[in-house]
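As written, the chain order gives the labels A, B, C and D, with residue 1 at the start of each chain.
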């Protein structure tokens, strides 16, 4: 309904749009009809034209009519609404590809069966995909408007999934739709649908990060941090976000709180590594515990090296 | 306690129990004064809430940061939501017009428990103050949204606690008002006023009171659990402590869905009073309207899950809630049809209150019909948590209850103040309101259908067009409401004296003085006719 | 209920009206606990084994004794209303005192029961609780919260009944106007009825 | 004017009810002692409901009260039970 081209962007679109069409058409007819009737009455029976009102108590017949007709209509709406949803109820087909979407404040990560991890959702065209919904901290939502797919991602629930079949090649917006705090509105990425052979080529290539040749020192580290979402909470220009800024962090003294005691340390390689793997053990003074979650199993040692390289440049 | 020196022929404004004018208000147990106390407090909050709304719209006028930071925006919609829901629209009509008019309309001297009534207002003020404290205490104003969803409300470092406690306290105020009204209606109707001779506004207050009584405690205890969880780490809803965040949503909406009917039913009652008066005609289908009122109140308890279609409920629950949601729409439809049928062959006197009533019909129809889009599973999963929902609830709450509130204000203004207002300015305000309103909220429907999520501080370039239109609409809307309110305030002070019954109404409130005396009636009337029996 | 009464604003006494008001208040109290019962039911359904195990830790004897105490106190306050209706002020006062006394015994029992749990390191947020299974954590959370809220109601009830006692003593509440007494009774029975459910849910599901 | 029924319940009635309540309590403890598995909760709840019914009708005088009050109590309980059932439509079928 939004864009004719997208009409078959996924196996859900037709049903959902049909339900829209049915409900909105009926609604428009009632809205326009009732509004016109109302205005017509106000005009026709105005005091000047109709000085004496005719007293009418009501009519059982009419009441029955205008109870049953809307009842029938809403049951129709219910039917189409449910029909539009059923294509994706129940278990996905056996040949479905599985992707696990992991949300945290405020980034998505998509994990494929062969261990590949990305920040963009890559999908093969015309193949069913099952997306497992995981969240590490608070409730997030995964929403791909073009595909009419939406699901909350609830921490502590590991049985939630959504499946569908993308039918259209291209790049589509993917939003977080469940309010999740400061950078909720920046928690978006894309879903990219590719023809199956192209997808397979991409899928086989498991070299982790593509390090751009040349470039400034630390460029690769910045790439990693962008991909994994550190910059949602940390700035590189000294301004305070949810977490402390990275500017002037490396090898400088720092006051942290361990348990209840304050301690002064130097932000060396070891400290930064600890901060990433066990962020809640040492809390930077003036910041809050529990916001940053561990990146264990999500970052390799080489990637940490790259990050530290980058931090040195700030 | 009325003292012997009090002259019962004076208007209630002139009755003085204390020397200090302030004490005369805030310690008065007169239902009319309490109604006005609510009116003034609500109007104050309302200015704050409206300004926050305007600020948000200005932020959204262009992508990127325009006037505030993301954190400020998040705090703004949270505070806007809390003010509008808990401080304005839930107490709104029952506490203001219910208090002022319910006893008069059923021929009583006061409500059943006048002291409790005053206590409700005090509790309201206390709750409001506690909620406001959240804005100035601790690490910044709360940023959870008015829904306080777990576990975000446990994770955030902003000051959520006072807001929760405030909402909890406000719940008690609402419960006590409801309790008072039910007993009043049961015990204090004038002789001869049987249930089926009672006007429709008291009827809707009666149904509303039951919802207040039975639904509010559920959210009360839920908020209390969140408070306990935040303070003592008792596990309830945080998955880290074994809880189920979705249970929080269940409990929250078990109250908050019925609450939307607390908001709309009294407005529907107002419309049922205004239309017959200005048609000089008995209302069409009196009993059908009562039945639909009770049905909304009853079925409304069982549809809360439609706010949670994407939350991870079972499919069985999805279709059950969807079906029930569609059923609860039917009684609203019945009401609309009956109102429009009342216009038929009336002798219509197109005055300001009727303008607002017709505005209500139009805007509420849009809001309600888009509610149907949300009730259907397939379409709701698509537009859930997008600006489509935001548009829906502004249409029903603001276009419905808000407009009903203004209809009531213009209808009963002469009774409350004994003054009449300026018709020209009132009309300008009304038309500005309709134009601004449509411009502000219609684009949100399309934005939502394009996929723009709600509670977004910033948005992608493709959503820009609709947002510009919407922001300008907000400016028009606020300007015209300012006209409306200034007109009323100045008229209350300097307006011409109004006749006792300017609209030729026949319900009991038009039989008493304007403004009414302390005990409303010299002798309690004996009711023989139906409430809208215009047969001369 | 259909016949209308004209009540003088100066001398407002409406027995049925006040009683209706009290009942309505009881409904809200019922739903207040109702929200907790829903929570309990859901978590018991999700963690049947853990709830079973945790419930074993609670002493049925203490629970049963407290149940009986509340039942007896319910009977005494109910009888005090009859005594008032017979215009036997002395007996009314005695029965009210007995009710208050029983309530206090209940609270003392509760105090020792909680105290024992706390000294075993079982209390909200304790280290020991952070280590047990999530289901047991929920059980104890609910246990403390629900019995705590119930105890709060007992305390409110005691204050309420004490006020009534003094009003009976100074004659403001008398055989013609005893709705306050009746209302305090209604409130007390509600507190009792809630305990009737709390007892099996926490102590008996073994 | 004063239209409330001044029905006085004899002391004996209260004592009989109290005795039955205590007996029911003991029975409910006994029934949960025997291993009934899943049914033990249901059994305990049935006993609790019977006890509450007694408290409502005698101690709280519902039996002698207005019809309207009985209807209210019934409706409120029905609404609550319906809410619980609907909530479980989600949890049972997940």
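The rule we apply is simple: a contact is a pair of C-beta atoms (placed from the backbone, for glycine too) under 8 Å apart; a residue touches a chain by one contact, two chains touch by 3 or more.
Worth saying up front: this structure is predicted, and the values here are computed from it rather than measured.
Between the Cα centres of chain B and chain C there is a gap of 34 Å. Rounded to whole angstrom, the centroid-to-centroid distance between chain A and chain C, based on C-alpha atoms, equals 47 Å.
For chain A, residues touching at least two other chains: there are none. The residues of chain C that reach two or more other chains are 1, 5, 16, 20, 27, 31, 34, 38, 42, 46, listed in rising order. Counting partners per residue, chain D has 76, 83, 87, 91-92, 94 as the residues that reach two or more other chains.
Taken chain by chain, the contacts fit none of the simple shapes, being neither an open path, a ring, a star, nor a full set of pairwise contacts.
All chain pairs that count as touching, in label order, are A-B, B-C, B-D, C-D. On chain B, the positions that touch chain A within their shared complex are 70-71, 74, 143-145, 149, 151-152, 155-157, 239-240, 243-246, 279-282, 284-288, 310-312, 315, 318-319, 322-323, 326-327, 329-330, 333-334, 336-338, 340-341, 343-350, 358, 361-362, 365-366, 369-370, 372-373, 375-382, 384-386, 449-451, 453-460, 534-535. The residues of chain C lying in touch with chain B in their complex are 1-2, 4-7, 9-10, 14, 16-17, 20-21, 24-25, 27-29, 31-36, 38-39, 42-43, 46-47, 124-125, 133-135, 137-138, 141, 144-145.
Those residues of chain A lying in contact with chain B across their complex are 1-2, 12, 15-16, 19-20, 23-24, 27, 30-31, 34-35, 37-39, 41-42, 45-47, 50-59, 62-63, 66-67, 70-71, 74-75, 77-78, 80-85, 89-90, 133, 137-139, 141, 143, 145-146, 148, 150-152, 154-157, 160, 173, 175-186, 188, 288, 290-291. The touching residues of chain C, when paired with chain D in their complex, are 1, 3, 5, 15-16, 19-20, 23, 27, 30-31, 34, 37-38, 41-42, 44-46, 60, 64, 67-68, 71-72, 74-75, 78-79, 81-82, 85-86, 182, 185-186, 189, 192-193, 196-197, 199-201, 204-206. In the complex of the two chains, the chain B residues touching chain D come out as 214, 246, 250, 254, 298, 301-302, 305, 313-317, 320-321.
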